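Before anything else, here is the set of structures, which you'll find just below.
The two complexes that follow have chain A in common; it is paired with chain B in the first and with chain C in the second.
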Partner chain A sequence: MAEFRMPSLGADMTSGTVVEWLVKPGDEVRRGQIVAVVDTDKAAIEVEAYEEGVVTDLVVPVGATVAVGAVLARLAPLGAEVMAPPAAELALPAEPAPPAEPALAHSDGAPAVSSPLVRRLAHQLHVDLDTVPGTGPDGAIQRADVTAASGGLALGRPRVRSSPLARRRARELGVLLDSVTGTGPRGAVRVADVERASPRAPQAPTPIADPAKPQQHAATARAEATARRQAAVGELMARSKRDIPHFYLGADVDLAVASAWLHSRNRDRPPAQRVLPAALFLRAVTVAAAEVGHLNGHWVEGRFQPIDGVHLGVAVSLRDGSLVAPGIRDAQRLDLDEMMEALRDLVVRARSGRLTREQMSDPSITVTNLGDLGVDTVLPVIYPPQVAMVGFGRVADRPWAVDGMLAVRPVVSISLAADHRASDGHRAARFLQAVARRLQCPAELDPRSAP
Partner chain B sequence: MTVILPAPRGSLGTGTGLLWLRDMLRIRRFEETCAQLYSETKIRGFLHLYIGEEAVAVGTMEALTPDDSVVATYREHGQALLRGIPMKVILAEFYGRAEGCCRGRGGSMHLFDRTRRFFGGNGIVAAGLPVAVGLALAERMQSGGPGRFGDPGHVGDNVVACYFGDGAVAEGEFHESVNLAALWRLPVVFFCENNQYAMGTALARSHSQTNLAIKAASYEVPAWQVDGMDVEAVASAAARAVEAVRNGAGPHFLELLTYRFRAHSMYDPDRYRDKGEIERWRARDPISILADRLREAGALDDAGMRGIEDDVAAEIAAAVAFAEAGQPESVADLTRFVTSEGGQP
Partner chain C sequence: MTATMSDTEARAIVAGILADIAPEVDLDEIDPAGELQPQLDIDSLDFLRFVEGITKHTGLPVPEEDYRRVASLDGAVAYVSGHSVSARS
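Up next is the complex of A and B:
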C-alpha cells in the first residue's frame, strides 16, 4: 500500500497544514494529480501525488499541521476494491454520535495531562489547553481534543461545516465555530459568519482571498474575492452616505518648513530608515485627534463614544484595485520613526493579505492619502462607525504669498469629512488647524529630535 | 530585422527524430523523479524544472559539437544531460554527494563540467551572458584574432552557446553583453528561452517590447523568433544560426518561444497564471508533438514508445541507486578548492 506524505517544498519547510483535500476515499489518483492544498509558512501550495492508486483513507484532517514526511493519505493499487464511506458520513454525520464523556482535566485544579505533541498543536491552533476537555486516559488531552476545540475537524463531537478560510479566521479571532450560525450551503460557516460573530472583527472587509475553492482557476478565485470585497465595501459606503450627515472642510498648508526639516533629517540615513511625508502627516493627524475631541471615536447606538488612544486607520489600495483601511493601534504612542515603520508594515501586510488581528480591529479615525496619484483634494466617505476621515492630496509646488511677496512653496491640500451628529464645523476647524500647526513645527512631532 | 520562420516540414529524419524523442523523455522523466525526490527531502536546495521546455535544449544542442562551449541558467538540467554529463553524476550532485559533478558542492543550480565544456548553470539571472561573451573572446584570441572593434570575424571558430531566459533580457548585462559581442563579432549564439514568465512576472508586465528578437536586432545581431515547442523548428533554426556564427558572421540570437508546465520552483504556489493557460500550452507538449509526427511517419508505435520509456526508466533507477549509495564529501576536504590546486579548477 502506497503512502502519500507531507512533501517538502523547500529546505526551510519543516511542517505544513492541510488546508483542503481534493480527493476522498475511493477516488482514483494519477501520478502528477493535485490531491491537496497545503499551507506553509510561505504560501498555500497545491501538492501532487507521485504514485497512482485508489485513496483508502485520509489520515490527516483538514486544519491539522504535521511534519514533513508524515503520512497524509494511504493509497491502494489501482483497481483494488476500496470501501468508500457513504458521502453523508464523509461530509459530516447528520446525526452526530454523542460526544464521549469529556473529563475536564483542569476541573480539580490538577494540570491538564498532555504530550509535547499536543501542546505544540495547541500552540499552533491558538487553543488554551486549560479550556480543553480531555477524552484520553485519565482525562489526558489528545490531539483530537485540541483540533476539536480549535474549531477544526471535530472528532467525537458534531462537526461544524465550514470553509478552510473560515476556520483560519475563527482561529485568528478566537471564535469557536460551534457558536457561529452558518449561512453557507447546508449551514456551512463562512468567513463573514465568523467575522460577524467576533467582537473583534473589523467592519471593513479584510484583504484575504477566500481559498475555499482552490480547484478553480486562481484568477477566477481572485476575481470572486475582489467582487466580494467590493460588494462589502459598497454596502458599507452606501450605509455611510445614507446614515451619516457628512460635512467637509479643507485647508491648504505650506510644507516648506516640514519638507526642509524632513530633507535634512533623512539626509544622513540609509533609505530604509528615511521618513516619508506620509508618516509626518499621520503623526500630525494623530496628535490633533488626541488633542481635539469629538472626532476620534465611534458613533454607536445613537451617540458618540470617544475612544482612548488613536487607532489610526490608513486607506491602502490593493493590487486588484480594491481598498482596505487597516489600522495602526495606539498611534499616539509612536514616534516618527515608529510611525514610518508601522506604515510600511501596514502597507506590506495589507497587500500580501497578512494583516494582523490588531491591524484589522476597528480604527477610531482614518486617513486617506491620494497624493501619489496626482489628486489635489480628497472628499472622503467616512467608514462607519467612525465619525471622521482625513484626506491628503499631493504635495505640489504652488504660487504662495509669503510676507507680501509671491513665492513658490510646496503645498498640500488637507480635507476633513466629519459626522455632523458627533461634531460641528467649529470643532472640525480646530482639528484642521491643529494638523496644520503641527506641520509647521515638524520637530515637535519627533520627540527624539528635540534638543 | 526579425524574421519569423514557419516550422519546416519534411526535414525530419526518423532516426534523428527518435533520438530527439528519447532525449526529451530522458529530461522529462528525470525531472519528474527529481520533483518526487525533492518532496521526500532527498534533494535539498533549490530545484527549477525544465518540464515543457525540452525541445529548446534538444533542438539547439543538436547544432553544437563537443568543442563548442555551453553556458546555461539555473534551469539547466536538460543542457547538462545533453552535454553528456551522466544522469547518475547529476543526481549525485543534487544529493550533495562527493560523486556529483561538483562533488556535491553545487547542487541543482550549479552543474559544471569543464571537460565537457559545460560552463555551468548560474544562480543569477543574466549572469551567464558576460561569461559566454568572455569565453567567445577567448576562442577568438586563441585562434589568433584580435577580438576587438573592426574584427572581421573568423571562419572556423568554436562557438559558445549561451542560454538565458526572458527575464534576463530585462537586465543590463544582457544589453551590454549582446552589444559587445556584436561590436567584436564574437562567435557566440544567444539562445533566449522565452517561457513567458520571469519567475512570476509575465513578459508584458515588465517589457515594453515583448518581441525580444527585436531588442537583440537593435544591436545589429541577426535575430528571430522560433516555435520552441517544435523540436524540428528549433533544430533547423539553431543549425542555421550556429553555422553562420561558425563562419564568422558574428553573434546570432534566437528567441525560443516556450513554456514551463510546472511552477517556477518547488516552492512556488503558481498563482500568477491561470490553469487554462497552462492547459493550452500543454496541448502543445513538445514530446507529444514529436511523438505524433513520428507515429504519422510510421517510425514509432506503442511498442517503440514503451521501449524508450523502459530504457529511460532503467537509466533513472540506476541514477537513483548511484546517488543513494554516494557519500558526502569528507570534512577533511572542507577547505579544498577555496584556492585553485596547481591550476586545476
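Up next is the complex of A and C:
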C-alpha cells in the first residue's frame, strides 16, 4: 500500500501542520495532484501526491503537526476497492526499516533507533525513546513503535496537542504539557494555557478562546501561524546577520524611459494584462543575475555553489504582518508578461496561504520592493543560504542632471546586499550596473516587443 | 432597470472589490477622501487588482491616467457611478 508522507518543503523544515485536506477516503488521486495544504514555519504550502492511487484513509487530521516523513494518508492501487482498514492495523502500521538507514546499535545498551526521522517523530509526539520497545532488527525502534507509544496518532486517541510556541514556553517555565488544559483548537495547549499552569509566570491577560466558537479557533490558529512564521523569519535573519559578512552597494537609476515605455505598453490593455514596474525590475534582476556570476546561488558547506537558472525570490508581506519570500522558478525563461503573471500568482497565493511547493523551494537570489511604502532605500538582510538580495525603493520624481541641464525624472534607488564570502565589491558593482543598464532598455526585457 | 447607477450601488461594488483585497478592513473606519493605498496597507499589485475589479464589474477600462481618480474611496465611488451611464448605454 502506498503512503503519502509529510514532505520536506525546505532544508530546515522538520515538521508541518496539515491545515487542509483536499481529498477524502475513496478519492482517486493522480501524480502531481494537490492533495493537502501544509503549514510550515515559513508559509502554507500546497503539497501534491507523488503516486497515484485511491485514498484509503487520512492518517493525520487537520490541525495536527507531524514530523517530516510521517505518514499523512494511505493509498491503495487505482481500481482497488477501498474499505476502512481495522483500527488495530492503523495503530501499528507495519513498516520495514528503511534499507538506506541501518539500525544503529548503541554501545551503552540504550535502545537503538533506526533513523533520525524516528528520533524526530518521537520528539514531535513527546515520546521518551527509553520507554519504547523496539520491534525492528536488533530491537531497533521504528516509526511504528513510536507512533504506537504515543497513544496512536492514527486512532486519534487523546494526546497533548500544542503549538511550537507553547512547547517552547513550557520548556522555559518547566511546565509539563500533559498537566495543562488546552483551550486551543481541538484542545491544543497554547502559550496562555502554559502560562496559566505555571506558578512562575504572571497571569496572561490573553482572552481564552471558547472551544465552542470555531471562528475563534480559526483566529487562534491564524495568530499562532503568524507568530510561528515571525519567529522563523527572526531566527533566519539572526543567523544571516551572524554568519554572513554583508556588504552593501546602491545606485539611483533614471526610470524616465522605462516608465514611458511601460505606460505606452499598458495603454491599450485591460488592467488584467497590464505590467507593473515591479515586474520590469524582476526581469532586469533576472537577466543581470544570469549574466554576472557569484551572486546567483547558495553558500553551502563553506563554499559558493552557483545555480543554473535564476530562482527569483520575492519578499511578500502578508496581511497579518508576517513575511514570506517564495520564489519564481527558472525566472530566466519568462518574458515580461509571464513575469508579471508569475509575480501576481506568487503574491496572491502567498497572501491566501496557498503557495505551491515549487514556489517554496529555495530561491537563488531574492528581491524586496518597499517602494509602495514610500521607502527610498532598502538595505536588505540576505536569506541564507543565498548570497545576495536586491532592494528597490519607491519610484519618485527627483531633480536629475541630464546633458548638463537640470530635469525632473522618475528615479528609483536600487540597493544590493551581498555576501563577501561569495563575491566582492567589483562583482557586485557589475551586477548593479547590469540591472541599471537593462532598465534603460526596457524593450530588450520584453522579447516579444523587440523588432 | 435604471439607466444610472446610484452612489449606493457604486459603493457596494467598490466595497465588494476591496473586501477581497483587504478583508479585515472596515471601510466605515477609513477616511473616504484619503488615499486607499496607505489606509488599507495595500501595494501596487493590490491596487492593480482593485482596478481590475472595477473593470470586471463595470466594464470601465480605467486607463492608468485615471488611477489617481480612483485612489480614494469617494473617488472610486464617484468614478464608478459617474461613468455608468456611458458604460451601459
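A few comments on the model shown:
Just so we're on the same page, the second predicted complex is superposed on the first by the 235 of 451 C-alpha atoms of A that agree within 3 Å, B and C clash if a C-alpha of one lies under 4 Å from a C-alpha of the other, contacts with A are read in each partner's own complex, and residues count from 1 in each chain.
Convention: a residue touches a chain if its C-beta (ideal position, glycine included) is under 8 Å from a C-beta of that chain, and two chains touch if they have at least 3 such contacts.
The shown structure was predicted, so the numbers you read here are calculated from the model rather than taken from an experiment.
Contacts of A:H263 after superposition on the shared chain: chain C is touched, whereas chain B is not. Contacts of A:R319 after superposition on the shared chain: chain C is touched, whereas chain B is not. In the superposition on chain A, contact of A:V347 is made with chain C only, not with chain B.
When the two structures are aligned on the shared chain, A:G10 is found in touch with chain B, with no touch to chain C. By the touch criterion stated above, chain A contacts chain C in their complex at residues 263, 266-267, 270-272, 274, 276-278, 317, 319, 343-344, 347-348, 371-374. Across the complex, chain B is touched by residues 5, 7-11, 13, 32, 40, 42-48, 50, 68-69, 217-220, 222 of chain A.
Chain C contributes residues 22-24, 37-38, 41, 43-45, 48-49, 51-52, 54-55, 61-64 to its touches with chain A in the complex. Across the interface of their complex, chain A is touched by residues 32, 35-36, 38-41, 44-45, 266-276 of chain B.
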